[in-house]
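After this come two complexes, each holding chain A, first together with chain B and then together with chain C.
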Partner chain A sequence: MPEIFIDNIRYEYETPGKVLQFMLDNGLDLPFFCYHPSLSIPANCRQCMVKAGMPIFNRDKGTYEIDEEGNRKIRYFPKLMTACSLDLADGMVIHTHHSDELVKQAQADNLEFILINHPLDCPICDQAGECPLQILTYKYGPEGSRFEHKKVHKPKAVQLGPRVILDAERCINCTRCVRFTDEISKTHQLTIVSRGDKNYPMTADGEEFDDPYSLNTVDICPVGALTSADFRFKARVWEMNQTPGIDMSNGKGCNTWLWTRDNLILRITPRFNESVNDHWMPDEARLSYSRFNENRISRPQIRLDRDEQVPTSWNNAELTFREELDKVSPSQILVLGSPHASVEDNYSFRKFFEEKGVNEFFYLPHIIPGSGDDLLLSDDQAPNTNGVNALGFRETDEAGLKKLIKSKKTSIIAILDDDILERTGLTAKEFSGSFTVVLGTNHNETSLSANLVIPITCAAEHAASYVNVDGRIQRTIPAKETLYTNRRLNLEMSMSRLDHYGTKFDNWVTDANRVDCIPAWEFFTRLGDEQTTPAYHSSREIMEEIAGRISRFKEVSYDRMDDENGIQLELKQNTEVNTV
Partner chain B sequence: MSNDWKSYQPLLIPAIRDLHEISVYEKNDGYQALKSILSDRKKWSPENVIEEVKDANIRGRGGAGFNAGLKWSFMPEPDGKPRYLACNGDESEPGTFKDRKIFEYNPHLFIEGAIIAAYAMQVDAIYVYIRGEYRPWVHKLQQAIDQAYEKNYLGKNIQGSDFSVEMYTHMGAGAYICGEESSLMESLEGKRGYPRVKPPFPAQRGLWGRPTTINNIETLANVPMVIKNGASWFKTIGPDTHPGPVLYGISGHVNRPGVYEYPAGMNIMTLINEVTGGIRNGKKLKALIPGGSSTPPLRADMLDGVTMDADSLREVGSMMGTAGMVVLDEDTDMVDLIWRISVFYHHESCGQCTPCREGTGWLEKTLHKINSGDGEIRDLDLLLAICNRMEGRTICALADAAAWPVRYSIDRFRDEFEKKCKKTVYAVA
Partner chain C sequence: MSDTYTFDTKDLKEIENIIAKYPEKQAAVLPVLWYAQDKFGHTDSSVQKLVAETMDIPEAHIHGVVTFYTQFYEKPMGKHVLDVCTCLSCQVCGGYDMLHYMEEKLGIKAGETTPDGQFSIQSVECLGACGYAPMLQVTNDKYVNHLTREKVDKLIEDLKAGKKPEFESMKMPQHVNGSDK
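Right after this comes the complex of A and B.
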């Protein structure tokens, strides 16, 4: 196998590639700004300089030339090379700052250069704390600067587009943002304008940076030049906790980080997953964080004789639900699962009514044709359409639903978290003949027209799985606490955090921001017959049960999803079953 | 060589009236080299043309001085897809104005050379990238190209053969960096003029990802005479290591500045004192920038016996560059001059690589400080340190070009720099 020597340590490589990427893959440190694994290599920041050389090969003898000490003679390149653009070669010798003073000096020199025109306004800069320039300067930079002149002034606080704000003075001209719009989102909206130390990224005259993926440029910006109009000045990174999650606003199921402070989700950023979203995420998905904080249903709501819903106790809600169920025959119950709810919730929802004798289950897909693109937005607006499908719920539509309500002489409609009224032409009138139970996360048209509303946890509060449009099952981890305490959820939360051993009291939590809700499965466990239904302690147990009972979820488990960053299910099987 | 310079007959810009007209050019043996190639394809196979040019050792006149034929031989075998020749007429180096003369007085010589190069490398299209400020000369060249098309020296099936090539002119928009070959290609592609990372080299991936060779205008103008008279004849002009005629663009404090054609390897003092009639107003020579603003300046006392060829200039610590000599008399303020040069490089740095983007500005600001009398001796050390940090750490050579004049002028004219600095009194322990 070809070999390469980095700082006198031998490594082997299989696939050809670049030195920097190879070092990153092997956990070796080297500072860089402009390089990004998913973008082209411009080698313009000149930060990843290394000393590189090749052994001298004697063609006549067919061997490497050896010096007196028995080592291979190395012919070094006359200049320092940028590791990002340097191809791996068999026998290559690399010296980084760990073994070469010149390289170390070059890295410090380059940082000194970068910083001479950088405003150094870290205390008021949003990027501080997660700024590669700040981090690398502490690690590799010079002790001070010898620059005694006026810095170059450039435009500040420029609203590039609806979601991105530019501070041109902070820009170090790495061109990551420009390359992103050229190579990934392909809108070509950004370019570098002006020359030399006066240049900065900008849109064409009169154009707006309204790329549906524009906020990715904020993530990849290695300084605070591009900031999010939405998140700007809201919170410091070191005050927030970072929990892995899944995007709920689209069927693609982008992997995300949920950033919390005071038990509120403050922003969502993409989490790398090669098989789903790479490093990227649509703006729409990022800005969907407010649904986790605002307009949440807290405490069960019940409609008495008057038109208004009033809060009620959990006990009363459970009793009312039980009473209403006992009044009717199973054929009069219409059960609507949801592509917006998790596999576990849908499963326990179905199972509960199955035990009551209901044998037909429906759901309304939430698909807006033409709303997707070929990058990360799908037509499917719901995160779990394939999941609910695979659980045996039957697809229906507005007309089908109307027909069902009429033909079944429905007297109970149970709806799992789904705003059906808002997204179809149905009105509250259609439901008025029956007792409507909604298990929901947020107040919406459907929940407001319901007779009983059970608040359930949202994706940011529970551990649950979702199957995306490509049939990949991925799971969420609680990022927020609820008033209801489940120790297993708390454990999931702390284990997801960077230190793995924090307690929930390490987190910034304000009680006012805790929602009084429970996971849907927990509600059905409480309602269920203790004799026939085993009580679940966590959604993990439900997934184990699903894996054992439904062939499409065979061998799916939380541990595997965590280890493999989601599991690809057999989608074809699903569609075949459905068409039969 | 330098003895018989007086009897030298110009080859690149001969004194023939209306040579830019194709009829006049044809009468004076024009396009004969091309015709002889196309009429004897056996003798002049593309490989043989490259061999001949390689043998003639035409060293690139754009500044790097690389053997043109050798450069051509780097082109891969044709694979049926497009290949290109780009002609660099950007001429943006201060002190350089030689290609302009070719466009004006002998454009067909260059066109013929380019067609022969296209034939040798079997390329499909020739792009001539000309500096935008050269509007009148672009016009002249375009007229000449149109005439060549009319007479079927360009276009489909040239002179009845199966060889076809197209030629296009392209005007630059005033960026110095677009004279660097890879940013020239970016600019031709319609992109921002950022130099490309090498490798891959242009011969592997050039214009639109296809094999491309970039040659200077003057380099290509030397090609027809090599084909006509043979490589061995060509090598009799000028020194062995750097043969051929050279257009010396001499500017500065001389009596008759201008472009002069003489063999390479002319004695510098001969050029200054005899060719251009000496320093004006009878002043003494102080310094010389031998080949455009980026080449290290030389002190007058370093010029004894130095000739204008790559090797001789390397020995005294400078470079041939584009042979755009800037002659400076004794009244020149070197600090002011170097500051002005650094303003140019600060303005022209494309801003891609950190050391150049930031370094050129830092050099300029520090030199300005010294030039306006606020400098301190330590600033000279700082300047040298900045130069050290810029050289060889960027994608293209602009950082080197910006650093060399500063480094070498501090090295060679340190007294002047120190004089301009504030007297710093150090406490003696």
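Right after this comes the complex of A and C.
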């Protein structure tokens, strides 16, 4: 196997590649700014320089030349090489700052150059705390500045587009953003204008940076030059904690980080998953975080008369639900699962009604044809259409639903988290003949027209799995506490410094942002008959049961989903529309 | 905006010929921009848009190219554009003196155009004539070397009279090998 020596340690490599990527893969450190594994390699920041050489091969003898000490003679490249663009070669010798003074000096000097015109505004910069320039300067940079002149001034706080703001002075011209629009989103909206110390990224004159993926440039910007118009000045990154999650706004199921502070989701950023979204995420998905915080249903709601819904106790909600169920025959119950709810919630929802004798289950796909693209936006607006399908819910549509209500003469309509009224032509009138139970996360048209509303946890509050448009099952981890969960007790939840040391008696933490809701499966566990329904303690147990019972979910488990970053299921897409 | 500037069929044919000379059309951006600037006198954003649409190349890229080179004019310029080099060698030999003298003489600042539309002054980076510093270039064409105030006066008078400077062959100081002499 070909070998390479980095700082006098031997490594073997199988596939050809670049030195920098190889070092990163092996956990070695080397500073860099412009390199990004998913973009082309311009080698323009000059920060990853190493001393590189090849052993001298004697063609006549067919052997390597050996020096007096018995080591291979090395012929070094005359100047330092950028590791990001240097191909691995058999026998190559690399010296980094750990074993070569020149490299160390070069890294510090290069940083000094980069910092010459960089404003020293870290205290007010949004990037501070997650800024490669800040981190690498601490690690590799010069100690102070020798630059005594006035720095070059460039435009500040330029609204590049609806979601991205540019501070040109902070830019170090790594061109990651330009390459992103050229190579990934392919909108070609950005370029570097002017030259020398005056250059910075810009759109063409009069054009807006309205790329549907524009916020990715904020992520990959190694300095605070591009910041998110939405997240700007909202929170310091070191006060937030981040929890892995799945995007709920779209069928693609982009892997995400949910960033919380004081129990509010403040932003969503992409989490690397090679098989789903790589390093990227659509803007729409990022800005969907507010639904986790705002307009949440907290405490069960019950309709007293025609116009008024009032909060009620969990006990009363459960009793009312039970009473209503006891009144009717199973054939009069219409059960609507949801592509917006998780596999576990849909499963326990279905199972509960199955035990009551209901044998038909439906859902309405939420698909807007033409709204997707061939990158990360799908026509499917729901995160779990394939999941609810695989659980045996039958697809129906608006007309089908109307027919069902008529033919069944329904007395109870049970809807799992899905704003059916808002996204179809149906009105509250159609439901008015029945007792409508909605298990929902947010107030919406459907929940407001219901007779009984059970608040359930959203994707940011529970551990649950979702099957994306490509049939990949992935799971979430709770990021937000509900009234009944606690970061300190739930070992799966992450804690920031503020979560650890903040108290409700200080100025930064309130106890207000906790929603009174429970996972849907927990509600059915409470309602269920102790004799027939095994009580679940966690969604993990439900997934174990699903994996044992439904062949499509065979061998699916939380552990595997965590280890493998999601599991590809063998699914046959059910495109047949059930019209009954 | 771009209705103001259009390429007619002859232009389009010419541009097609330019593009055909290169393996990739991106390589033809510079000559096509030259062509556009010759025709319209500048390459402002509407000309950039026109070029981008004609060549089917992202407008942002064209914008980047235009702003990179001071030789492309981002806004309408005077009839004669005086590009005064203020890069290192010229600066050391009095480039800024010449620039400021010209500014005073014409009553405009670098980057501005005289109200009669005759002259624009630009302070530009190295034009590769360090050997005859300080120097300037007239409307992306002839160089005027070894500038002095008198030379500047004469140049402006000549230009006003419609007389363009002639090409001046400059002799480089010959490298003398010590052993020969």
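The rule is short, and it goes like this: the second predicted complex is superposed on the first by the 551 of 580 C-alpha atoms of A that agree within 3 Å, B and C clash if a C-alpha of one lies under 4 Å from a C-alpha of the other, contacts with A are read in each partner's own complex, and residues count from 1 in each chain.
Here is the rule we go by: contacts are C-beta pairs under 8 Å (C-beta built on N, C-alpha and C of every residue); 3 or more make two chains touch, one makes a residue touch a chain.
Quantities reported herein were computed from a predicted structural model and do not represent experimental measurements.
Trainee: What does the overlay on chain A give for chain B and chain C, a clash or a fit?
Mentor: clash
Trainee: Looking at chain A, which partner touches more of its residues: chain C or chain B?
Mentor: In the superposed model, B touches more residues of chain A.
Trainee: Tell me which partner A:80 touches in the superposition: chain B (first), chain C (second), both or neither.
Mentor: first
Trainee: Tell me the contact category for A:114 with respect to chain B and chain C: first, second, both or neither.
Mentor: Only chain B is touched by A:114; chain C is not.
Trainee: Which holds for A:202: it touches chain B only (first), chain C only (second), both, or neither?
Mentor: second
Trainee: Considering only touches as defined above, state whether A:188 meets chain B (first), chain C (second), both or neither.
Mentor: Second partner only, chain C.
Trainee: Considering only the touch criterion stated at the top, classify A:368 as touching first (chain B), second (chain C), both, or neither.
Mentor: The answer is neither, since A:368 touches no partner chain.
Trainee: I'd like to know which partner A:399 touches here: chain B for first, chain C for second, both or neither.
Mentor: Neither partner.
Trainee: For chain B, sort through 91-99, 217-225 or 379-387 and name the stretch that clashes with chain C after the overlay.
Mentor: 91-99
Trainee: For chain A, which residues lie in the overlap of the chain B contacts and the chain C contacts?
Mentor: 191-192, 194-196
Trainee: Residues of chain A touching chain B in their complex?
Mentor: Going through chain A, the ones touching chain B are 41-47, 49, 78-80, 82, 85, 106, 109-110, 112-114, 116-117, 146-150, 152, 172-173, 175, 191-192, 194-199.
Trainee: Over in the complex, which chain A residues touch chain C? Could you list them?
Mentor: Listed in rising order, the residues are 181-182, 188-196, 202-207.
Trainee: Using the touch definition from the top, list the residues of chain C that touch chain A in their complex.
Mentor: Counting only chain C, the residues touching chain A are 44-45, 48-49, 52, 58-64, 67-68, 125.
Trainee: Where on chain B does chain A make contact in their complex?
Mentor: On the chain B side, the touching residues are 175, 192, 194, 197, 346-355, 357-362, 365-366, 369, 382, 385, 389, 392-395.
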